[in-house]
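After this come two complexes, each holding chain A, first together with chain B and then together with chain C.
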Partner chain A sequence: MDSLLLSQYLIAGLVIGIIYALMAIGITFIYSIMKMINWSMGEFYMMGSYLQYFLVVYILGPHLWFVGIPISMAVIFFVGLYIQRFLLKPMFVGEMERKDEYATVITIAMMVFFRNLAVVLAGPNQFAPPDYASPTYIGPLPVSGNRFVALVGTLLILGLFYLVVRNTWVGRALRGSAQNRVGIQTAGVNVLRVDQIAFGIGVSLAAAAGALLAPIFLVWPENGAVATMKGFEIIVIGGLGSIPGSLVAGLLLGLVESMGSVLISPSFKDVYGFGLVLFLLAIRPTGLFGERQRVA
Partner chain B sequence: MSIKATLFPIFMYAILAPLPLVSGEYYTHVLNISFYYVVMAASWNLIAGYTGQFSLAHHAFAAMGGYTSALLVIHYKIPILLGIPCGGILAGAFGYFLGTLCLRMRAIYLGLSTWAFSESFRITLSMSYKLTRGDLGLSTPRLLETAKAFPYYYIFLLLAIVCLCIMYKIVHSRIGYYMRSIRDDEEAALTMGVDTVKWKRFVFVTSSLFAGIAGAFHAHYIGLLSPVSVDFNEMAILLIMVITGGLRTFAGPIIGAISIEILSELLREYGEIRMVLFALMVIVIMRVNRDGIVGIGRTVLPRIRYSTTY
Partner chain C sequence: METSLADNGERILETRDLTKTFGGLTAVNGLSLNIERGEIRGIIGPNGSGKTTLINLISGIYRASSGAIYLDGARIDRLKPNVRTSMGIIRTFQIPKVFRNMTVLENMLVPAFSDSQGDRYKYGREVIQEAEDLLRFVQLYHMRDELAKTLSGGQIMLLQIARGFIVNPLKLYLMDEPFAGVNPQIKGVIMESIKEMNREKGVTFIIVSHEMPAIRRLCGRVSVMHEGRRIAEGSLEEVANIPAVIDAYIGG
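And now, the complex of A and B:
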């Protein structure tokens, strides 16, 4: 095997891994604060990619694609805020029994709703937005321009996310409620409001992934299904509720998939991820960075 | 079992038997499919509603039963009526495996692992091309000579009634109490001497056995199997049926499965809007009355009775 080709696959794996991680961080972020799994995450990814396609093709024009991404993120952020407010907030108001069951049913219903709504509104066809950039080089290695742009975009978004969570007042409130929902209320933080913001940020990360990947994985009603699958694999590998875990696991998954397809066979690409999941669950049931689950 | 309880299923069979005479060929087919969904929904309610183990792999067990039976019949030429129980048994065995895997898991991890199980099963199905013909689909031998829906109606009706009787016996026996106690508070149930490990496994095995058998009957009726039947959408449809009818009630899944299946056939010309409407309905039901149609019936009927008597 040619070392140049091998390192090319290595780069491709790392690039795709870090974008998967964006999706997984959205899932794990919502989990760490609201303690629920958002099964409709892929549909927010899908909506992000549709918005981006719509903006780039009909409003902004192909040269202003980078303006489209923050706009679609912002729109999905507000969509997320209102969905949380009307559908998921009731989980925490009053005494609701069996919260996870409620969250699972509501988010699966949302998944069906948005998927079919997309088919109703835009048809079952695939759309391809224009390329973001022409092929470039990282050192001597050729990289697809779209993938390179997606990598840079993801790194920017993750950096921004890190700064917000690390330094701002909102970020402190978010981290506080992830640690202790009751304790943070004594500090005068409105936890229900924090939930809303967390859900908005989480789904807008998924939308960002969708918008960035639109020219690579195309735009169609069920394009979120694959993204959700990767996202869930990553959070199981990295450990639920751990953001560094998601990053590392995302990179690992990208590497394993890309190396598996070049060294073994590309047709089993989706199986390698599950193999990794099962292997890690066997040796470390809580994932790489997951805390041990407290019983009762 | 009292005479009344024995006679009721026979009575139901006799009442429903002449239905194909009025429904016509196409709606007889719809009824057959809805009886399949009745078994699926009711057995999922057993595990998710009564025991509180929110499994998301039920559709995978149905496909497992179907594929097992079809492959055995095709390759080993065993009679179909033997293949169907084999499919059920294999699904039950995998149910035991999955149940054991999920013993210690709480709600979120349980959902994720059962989901991962069904997704890997789907990928394996479409990958093992030589055996299952992958995404091309496997054409299965039919149970009867004919492809007409009419004779199958009696088979599916019998299947649904027999399965429902067994489930009714389980739910209204001591085991039913064990299941509900595990759902309501597992630690308390353990303290009271309920063998939670044993009964959780039991429920996993029973419900996947039902799913496997129903899936095998369905496969030998439709004549085609493909990995699409393990798509997550299939699970979402089951969930919509059970929630609409009423989770945790015995009549709920039956009402939900039949009404959603017939409604979706009546509205077929509107295409995907049906699913949008069903999803909205589920969201509204979860927000307003979490016991679905049965719950609405329970709150509305006494009021009507009250207002007519006084």
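And now, the complex of A and C:
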């Protein structure tokens, strides 16, 4: 085993890991504010990839792919706002108690609906958008142009996400809602409006992952399933509700998968991740950064 | 909106036959209470007498089973908590609801992001200035960049109280056990801030507390609750001599 090949897999693992983390951050962000799991996250990933494909192939042309990504994110953000408004908000109306099973039923129904909608609209085919960039080098190591673009794009989006959550008035309201839902309401903030924004941001992160990964993992109706699975694996590893946890766990999962592929066999790529999940569940069930839930 | 018949402009809050039941338990039972504008009203009573439930009903955390609540003559008992806050009803909790992973200053700024308050966050610098002034007022300014979770229990209570003062308009401030588990120095700061906000800004206060010395110093009138009902009202000295009150406290 030569060290060049090994470091190439290392880089590939880190790149894919950080993009997986984007999915996981979307899931954990929505959970930490709305206290519900969005099981249809992969379908927002899927819609993001379709939108990007459609924009690049039919409207913008192959050279303007980087314009397509923010457009896809913005469209899915608004789709998320309206889905939250009409399908999820009813579960919070009335008393302060929530119907938790409602969110599960609705988001699983959305998963089935959007997958089939994609089949109806575009057929069960795979589409491949043109490459975003030609192969390039990180230092002495060759790396696929598409993966390099996905890495840079993800880092930019995560940086923007961090700035918004950290430094803006909306961000403060988002963090406040995550930390204390009753407190934020008695401070005069409309928590349902915050939920809506959180859901929009969360699903637009999934759409970003879909758009960035479109040339690598292609575009088809069920391409979100893998992304969702990886997202949840990361959440188990990193701890539900922890954004730094998602980032670290994403990198870890990417590394374990690519190291397993190169050192053992690439045929069992998905197994290595599950092994890591099982290992973590055994030694630290709350995840690396998860906090034990306090029940008041 | 339905209005109260007896509104003469001096009454800021009225509850009429207010009732809240939890299953078979009646926590607040046909309670009618009038609070005058600008007063500092104490609510006392044994544990389990429905004081906190009353605060939860007025602030909108619970929805009343029956009866009505009026603020300045307008009926509010069907409104969401954040809407009531934007109408000028602020509250604190016995277990403070602060944002533990935000700095003290950020905690103060959260209420500014409220669409019903004229989007005050658009005047960012002024709001920050105001928040800093309020932190000086409650002697927390030196902690402004610390995370709230690093504060002591008393300081967290102070922060929770100060955060309410930034809401504008501020008409009625409900405090649930503001002196519980607070050292004497901070207790003094809380009492001073209540008196000053009452005097300078005309804020009306309803204070639920077991601390009789503090109630005596702050409150002109006291309402005594027992088993969800109001059993007496008057100055602390007056109610302390009413047999029903003595019975309630010694479990007679």
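Following the convention adopted for this analysis, the second predicted complex is superposed on the first by the 290 of 296 C-alpha atoms of A that agree within 3 Å, B and C clash if a C-alpha of one lies under 4 Å from a C-alpha of the other, contacts with A are read in each partner's own complex, and residues count from 1 in each chain.
Note that a residue touches a chain if its C-beta (ideal position, glycine included) is under 8 Å from a C-beta of that chain, and two chains touch if they have at least 3 such contacts.
In this text, all values refer to a predicted model and were calculated from it rather than measured experimentally.
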Three-chain arrangement built on chain A, chain B and chain C clash or fit: fit
Contacts of A:L64 with chain B and chain C, given as first, second, both or neither: neither
Chain B versus chain C as contact partner of A:V120, first or second or both or neither: first
First (chain B), second (chain C), both or neither touched by A:V277: first
Touched partner set for A:M111, first chain B, second chain C, both or neither: first
Chain B versus chain C as contact partner of A:L160, first or second or both or neither: neither
From chain A, separation angle of chain B and chain C (C-alpha centres, steps of 10 degrees): 90
Which partner, chain B or chain C, touches more chain A residues: B
Smallest separation in angstrom, by C-alpha atoms, between chain B and chain C in the superposition: 14
Partner chain A, residues of chain C touching it in the complex: 59-63, 80-82, 85-86, 90-91, 93, 97-102, 106, 109-117, 121, 124, 163, 167
Footprint of chain B on chain A - complex, ascending: 31, 35-37, 87, 90, 98, 100-102, 104-106, 108-113, 115-117, 119-120, 225, 229, 232-233, 236, 240, 267-268, 270-271, 274, 277, 293, 296
Chain A residues within the chain C interface of the complex: 94-96, 169-170, 172-173, 175-176, 179-180, 182-191, 193
Chain B - residues contacting chain A, complex: 52, 54, 106-109, 111-112, 115-116, 119-120, 123-124, 127, 187, 232-233, 235-236, 239-240, 243, 271-276, 278-280, 282-283, 286-287, 290
